[in-house]
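A short worksheet on the structure shown next.
Labels A, B, C and D are assigned to the chains in the order they are written; within every chain, residues are numbered from 1.
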Amino acid sequence: MAYIPLSPADIEEMLRRIGVEKIDDLFGCLPEEIRWEGPLELPPPLTEPELVRYFEGLSAKNTYQQYASFLGAGAYQHFIPAVVDYLSSRGEFLTPYTPYQPEVSQGTLQIIFEYQTLICQLTGLDIANASLYEGATAAAEAVLMAERIKPRPRILVARSLHPQYRQVINTYIRNLQLELEEVAFDAESGRIDLDDLKKKISEDVAAFVFQSPNFFGAVEEPAEAVSLVHAKGGLAVAVIAEAVSLGLLPPPGSYGADIACGEGQSFGLPLSFGGPYLGFMACREEFLRQLPGRIAGQTKDAEGRTGYVLTLSTREQHIRREKATSNICTNQAWCALRAAIFLETLGPQGLREMAYQNLQKANYGLERLTSIPGVRRRFVGPIFNEFVVRLEKPVAEIGNKLIKSGLIAGYPLEKDYPELKDCLLVCITETHSKEIIDRLVQAVEEVFS
Amino acid sequence: MAYIPLSPADIEEMLRRIGVEKIDDLFGCLPEEIRWEGPLELPPPLTEPELVRYFEGLSAKNTYQQYASFLGAGAYQHFIPAVVDYLSSRGEFLTPYTPYQPEVSQGTLQIIFEYQTLICQLTGLDIANASLYEGATAAAEAVLMAERIKPRPRILVARSLHPQYRQVINTYIRNLQLELEEVAFDAESGRIDLDDLKKKISEDVAAFVFQSPNFFGAVEEPAEAVSLVHAKGGLAVAVIAEAVSLGLLPPPGSYGADIACGEGQSFGLPLSFGGPYLGFMACREEFLRQLPGRIAGQTKDAEGRTGYVLTLSTREQHIRREKATSNICTNQAWCALRAAIFLETLGPQGLREMAYQNLQKANYGLERLTSIPGVRRRFVGPIFNEFVVRLEKPVAEIGNKLIKSGLIAGYPLEKDYPELKDCLLVCITETHSKEIIDRLVQAVEEVFS
Amino acid sequence: MSRREPLVFEISGPGKKAFSLPPLDVPENRELLGSIQPREEIPGFPEISEPEVVRHFTRLSQTNFCVDTSFYPLGSCTMKYNPKVNEKVASLPGFLLSHPQAPVDLVQGNLELIKKLEELLCVVTGMSHFTLLPAAGAHGELTGMMIIRAALTRRGNPRKIVLIPDSAHGTNPSSAHICGYQVREIKSNEAGTIDLKDLERMMTEEVAALMVTNPNTLGIFEKDIHRVAEIVHDRGGLLYMDGANMNALIGKFRPGDHGVDVLHLNLHKTFATPHGGGGPGAGPVGVTSELEPFLPIPVIKREAGKLVLDENRPLSIGRVRSFYGNFLVVVKALAYILTLGAEGLKEVAEIAVLNANYIRKSLEGVYHLKYTSPSLHECVFSDKRQREKGVQNIDIAKRLIDYGLHPPTMSFPLIVHGALMIEPTETESKAELDAFIDAMLRIAREAEENPELLKKAPHRAYVRRLDETAAARNPVLRWKG
Amino acid sequence: MSRREPLVFEISGPGKKAFSLPPLDVPENRELLGSIQPREEIPGFPEISEPEVVRHFTRLSQTNFCVDTSFYPLGSCTMKYNPKVNEKVASLPGFLLSHPQAPVDLVQGNLELIKKLEELLCVVTGMSHFTLLPAAGAHGELTGMMIIRAALTRRGNPRKIVLIPDSAHGTNPSSAHICGYQVREIKSNEAGTIDLKDLERMMTEEVAALMVTNPNTLGIFEKDIHRVAEIVHDRGGLLYMDGANMNALIGKFRPGDHGVDVLHLNLHKTFATPHGGGGPGAGPVGVTSELEPFLPIPVIKREAGKLVLDENRPLSIGRVRSFYGNFLVVVKALAYILTLGAEGLKEVAEIAVLNANYIRKSLEGVYHLKYTSPSLHECVFSDKRQREKGVQNIDIAKRLIDYGLHPPTMSFPLIVHGALMIEPTETESKAELDAFIDAMLRIAREAEENPELLKKAPHRAYVRRLDETAAARNPVLRWKG
């Protein structure tokens, strides 16, 4: 077998050294009664050419990539510079594990350190961890973290937080005697409904979790909401589902967020049907001991030279076991590596320009689309690269017609927001040319005429 | 500009150190009259996303890859294991140059040494060089080499040698007072016409160059021809255009070839519209000083440990200038690397199995095709993975009809062999499934019915 | 004198850049953000050129040991060879470019692929259903324990306690805790396995589940697994198995046939997906048919000839992450299983166990082996003998680096003081094993003759020994310029 | 103690394998080869598993210095950064999978691409036509000299002699020789350029051509190129320019405008295609319109709205290689030009010259500079001062390795004894240049204080200094087991 580097002669010699006759003797510790004797009912093994053909077949069964798509809703199509693939595919990055042995893992560790710094710079917060699974679990971890810092029984989440994130938070906390409550969005702007927040915030709220740009693409101005939360001694958790927005919009640190977390997929990770993605988390320095996940830190070696290690592991499961700040062990290090390569390649100008083009193009698309009779803007106020339109014909019907023209117009909101059942969430990024936006506009026009 | 790592401040500082005011001052040595002042009339620069789109467009303008193709004729479609791409794309292999400094190039050098050994093992000859440009120039170099060893005025080449190789040999020798003569192929077997060879061989022949399997796919049994050449004191040069055949057919060393050379594309190089490919050359030890191109050799370092260096460079242009064995400098090292990875991955069993499947499948196709009325086998005798069929309808017409069914049936021989104007050269390798062969057969059947 | 790669922030220079976008092709509007001030700069964010990006990361990469370059016997982590063709098939455009919110009709290939792996994992483990959603082993544990809690709640009482052997990996108690349970440790017996008497005693009506790792982290098979299951089930509890060590058992033992109610696997261990410097992995969870209703959403099911996502599952624990799991990891694991087939997978277990026993036999007598029960895929030595000379497991580990070898695991099992947990996996050649054995034997001699050499190791790495205590005492967790 | 990677033949073990094909799917026939005995084995051919293949090559790769990891100022080789997106576009399936014998209708994309680069190279150089067939610089020289010979033959007399400056690269005389010419050397003058008087004297009616490199291998511009062309042309000869050093001139000087009849470029130098450890490259040849009929076949031309291959060219020198050149190299070079555009290319020359002069200025006075004419893209120092202490250029070079730097070129120009030919290229940062300068200055001090240190260098490489003399004396050119 191609992956086993022992010749029959090697095996013989090894068995002799061990002092048994055959390999099966080494499994003597498995009582016969419970040993699986038959062959597993698996398909016959595939050789490499067959394997490639099989997966090419599956890949071709997906037809999504043949469409011009305006889907966002938590996963964003951005350009990925060639160096990201080139560098991240190196065996030295793909095939080591967690850098438990720092002396032979300086590459991984220095990159985590750089990544942490980049996340701090982007979020405007003091410290960051090495990665979490993805955006939704990062939000759930933030809630657990907030509750450790402020042991209070209630958690508020904005209804404009990504629906799947809300569900995951709910899954995580439902066994922990915590209560989850939604804060409504303002019917006109789609932003946090401050009145509702005022009503619900109290001294038994550990944290208020909100997203900006929110699930509707609306850019929040969260300073006031954050003040309300702080006034009651709770923590403000800002979720960023579209990380490219950090290149242009005010960072969570600037409006007082205590914890910022979210999804880093936009930083150099292909859509990949939803994973692997990159959960990130940053917070104020004082919460360091409650931060979940790995953290790299700087230190010196025996000759006084700078080096990097995993640190503060007394927070972690392998030391603290049930008292750890999280159960996370394997994280998304390779995705963080890709993010670091992506961000260092784009630099501040490139990231800003990317964010700026998202802003411009999405607004261009919004304006064009809403100039069509039958298509109306659902919320007022600034958006980043997503927006909600209300359609005067059934969303499903429109969607089906557009699919026939090779277009996926957006994400229908009905499933998650029955109150927005006539609404579509449209995403436009720098990867959409004017031509393709115009094509969408024209196709929608046709459907409505 | 993305590829220039100097900031404006860096440039300022450097100019100051140099003691000039502006970069232009450094070009003072170019007389003004001859300086190009205007901008070059090039298209405006493309950003990376635009560049990728542009080349995707060109790539998509090629439609060849949408066809089931039975083209060979000097370039062969074989399976390439994933490790070949994975390993050869490492920067450490792609971005160094010729290993002039052995202490920082042991990887490249050891691999060349392994490659040379593999080529010797495959050809059954004593020594091999590090690579030449491709098959045709390798054949031309072999002729020049033979002439240096045996300074005689005539060169014989088999008419069944790849037509382009014959043309290149002709280009190379026409300025050198050498005379090129063709040896006919046997009209029945397509192999070397021994009678013709007997007629033409003489003591003023430096070398006889032949190919096996020859351009018609026929496997030669060259021992007798080689004896004839040797009897007159000339050298026998065996050309291998389809290197995978070496996994199954008798090696050139076994039938007395003095020099074996040819095209290594089959060893892990994609078709790539004809290049970069891999010229290889091996010969008997006594001809070492006349071998063209780089050679790696084993030696010791100052501590007595084994290491590798480029050696015998007194044969080469950078030392010997006009007296060098060849003008070659840059060669095809990276292609030789890929061949080494390919061969070490396949191993003797894998290579033999690949060759064996080529043999079996091509013969299956031959038998099936020639069972169609109107399609006849042109030559008798064993073939490897190519064969010639004679068609009772015009080749071009058949070809055009098959193309409409998504098939490229083979290479029409008329252009190179007017005497075979009704003939088609068909190639079948391990990459052709029975299903696709049957599809060809069926399509041809339809055309003839 | 060897040059050290600076931080990217130290290479940065104003005005350098590595990337540009095409010019904006829509009419520009400068008033889109209303009262929001776009950020003017990102203080400290690095500006470098593309050649610098490439050198920076290439140079850094070379300072890592990894499976592609080095024997990496990190116990419990199954650092086996990661097949390259799996990377290739996982980069096919149909997978890479597909959006997780795409209409299901347009991503049937993806759904078929996920479904296929779910089914094959059932065959391999004997479990009745699988979810591939969890992002890693620990996430699988959490998911699995949530399922147990949901099932017990449905039965009427979620109960309070989870039993976990003292040899277990730290994620086990941590996951149980996040799931709202108190953790009680079961002591291992002299054979290094669960003490049945102790279990009988502790397995009360308060206990929701036992989390057992099999083979356990000593590499020893819990041969009484059947009886263990009986005890747990008799008292109304459920049996969770941490399958991180399935590499020892694949094709030899199917947990689902022997009373395991919930099982997680680590695709990044047993199924050869690369570890990526710490992740991503995937921690699929298998359950009995009784527990199927509690699986997290979405569940993929077949409906009218096509695959759809079922989210309407009232008993489900809910959603445990966004979208459909670490999909590309799933692709690679499926490729692995399809390549190996039944015989190949069995051979994996056999050679993994052979290699571990070869090492054990070769080092036994020189290094102390606290538990002498038969080893499966790994063996756990300790530094007990060397400690007499003041040499600890960490010194041995760091000295191995000088020999070009990655150290074993040392942080657990906690029941072996000064542990050296060695898992060679099946993808190591005899030559690699011999080099490791040889180095370990030399180091044992060095510990006798020159303990200082070890305590100062490594001597030949990119850095000398790093001060982890100082790092934790004065945390410097980001560059500040 | 650092482990050394054995030869693959030493890892081999009977029965190990890394690859299988699908089972044969056609009826097997065991009698296909007639009287030919298929070979039973390939003696010594290695048998290893896939993990061993990957480790073997990955480990070996790490022992190389390369542009991706190291400053690589190998003079005359233009070791610039190789953009990664160019690798990506060159791997598009339409390029990789297309067969060179495909009907032209099905490969119009390829032909358009080749044609495009031919046209852009004309713009860049001022030549009137280009062929992209030659596989490397030397192959381009040969092709170019054949064109000259064919043209002169057509004029009535191919002539006998080719003049080449003594500073030229070795391929120049070698290529002229293979083309059937005798070579005469022109001595350089004190400025390091062609002595016009000497040229006037030697440029007889016997002389077919002068091969000039500009800037020459000293990095000095042949500023009298115009006058040189006049002299050559007046006597009925043709002017060949070796454009290997075009990196200094691009956007600043177009050879075609100034009397150059034939020019070759090195795509693997000026146009940033990777050197691949020695190749492949590409050596396109540009000619004046007068010489166009002599270009090698095939020539791509437009006919009835599509591109076709013209092979029916009676005056052509014929075919110089199979198929259409090193096509994938052509793809990468085109990508480079399209990315840079006119401004970018000019900037390349400017920064390349800036970097070289920065180094020159920083080392002048410490290392001897035989020719003090202004430098363009490279500067050629010598070991003259250090030789007083017995230190030669090779010792300096090997010591640079200890500092993590690739040595400069030493094998030529032959007119500088003990040459150190330094070409930094435009893709090096100031920090890299400073590190090199710093190392060179230190080495100069070391040469004074501790010459033995240099003579024994390198001290910190994968191997110590290798014995090249022994290698040539007792050639071991293959493994024999």
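Heads up, the rule we're going with is that a residue touches a chain if its C-beta (ideal position, glycine included) is under 8 Å from a C-beta of that chain, and two chains touch if they have at least 3 such contacts.
Because the structure is predicted, anything quoted here is derived from the model rather than measured.
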B-D against B-C, pair bridged by the larger set of C-beta contacts: B-D
Rounded Å distance between chain A and chain C, as computed from the means of their C-alpha atoms: 20
Rounded Å distance, chain A centre to chain B centre (Cα mean): 48
In chain D, residues with contacts to at least two other chains: 13, 16-21, 47-52, 54, 58, 62, 68-69, 81, 83-85, 87-88, 427-429
Touching two or more other chains - residues of chain B: 2-6, 10, 46, 48-49, 52, 79, 81-83, 86, 89-91
Pairwise touch network: line, ring, star, complete, or other: complete
Parts of chain D lying in touch with chain C, wherever the complex brings them together: 1-3, 11, 13, 49-52, 54-55, 58-59, 62, 68-69, 81, 83-84, 402-404, 427-429, 431, 435, 460
Contact set on chain B toward chain A in their complex: 48-49, 52, 79, 81-82, 86, 89-91, 431
Chain A to chain D touching residues, read off their complex: 2-10, 46-50, 81-83, 85-86, 91
Of all residues in chain D, those that touch chain A in their complex: 13-22, 47-52, 54, 58, 83-85, 87-88
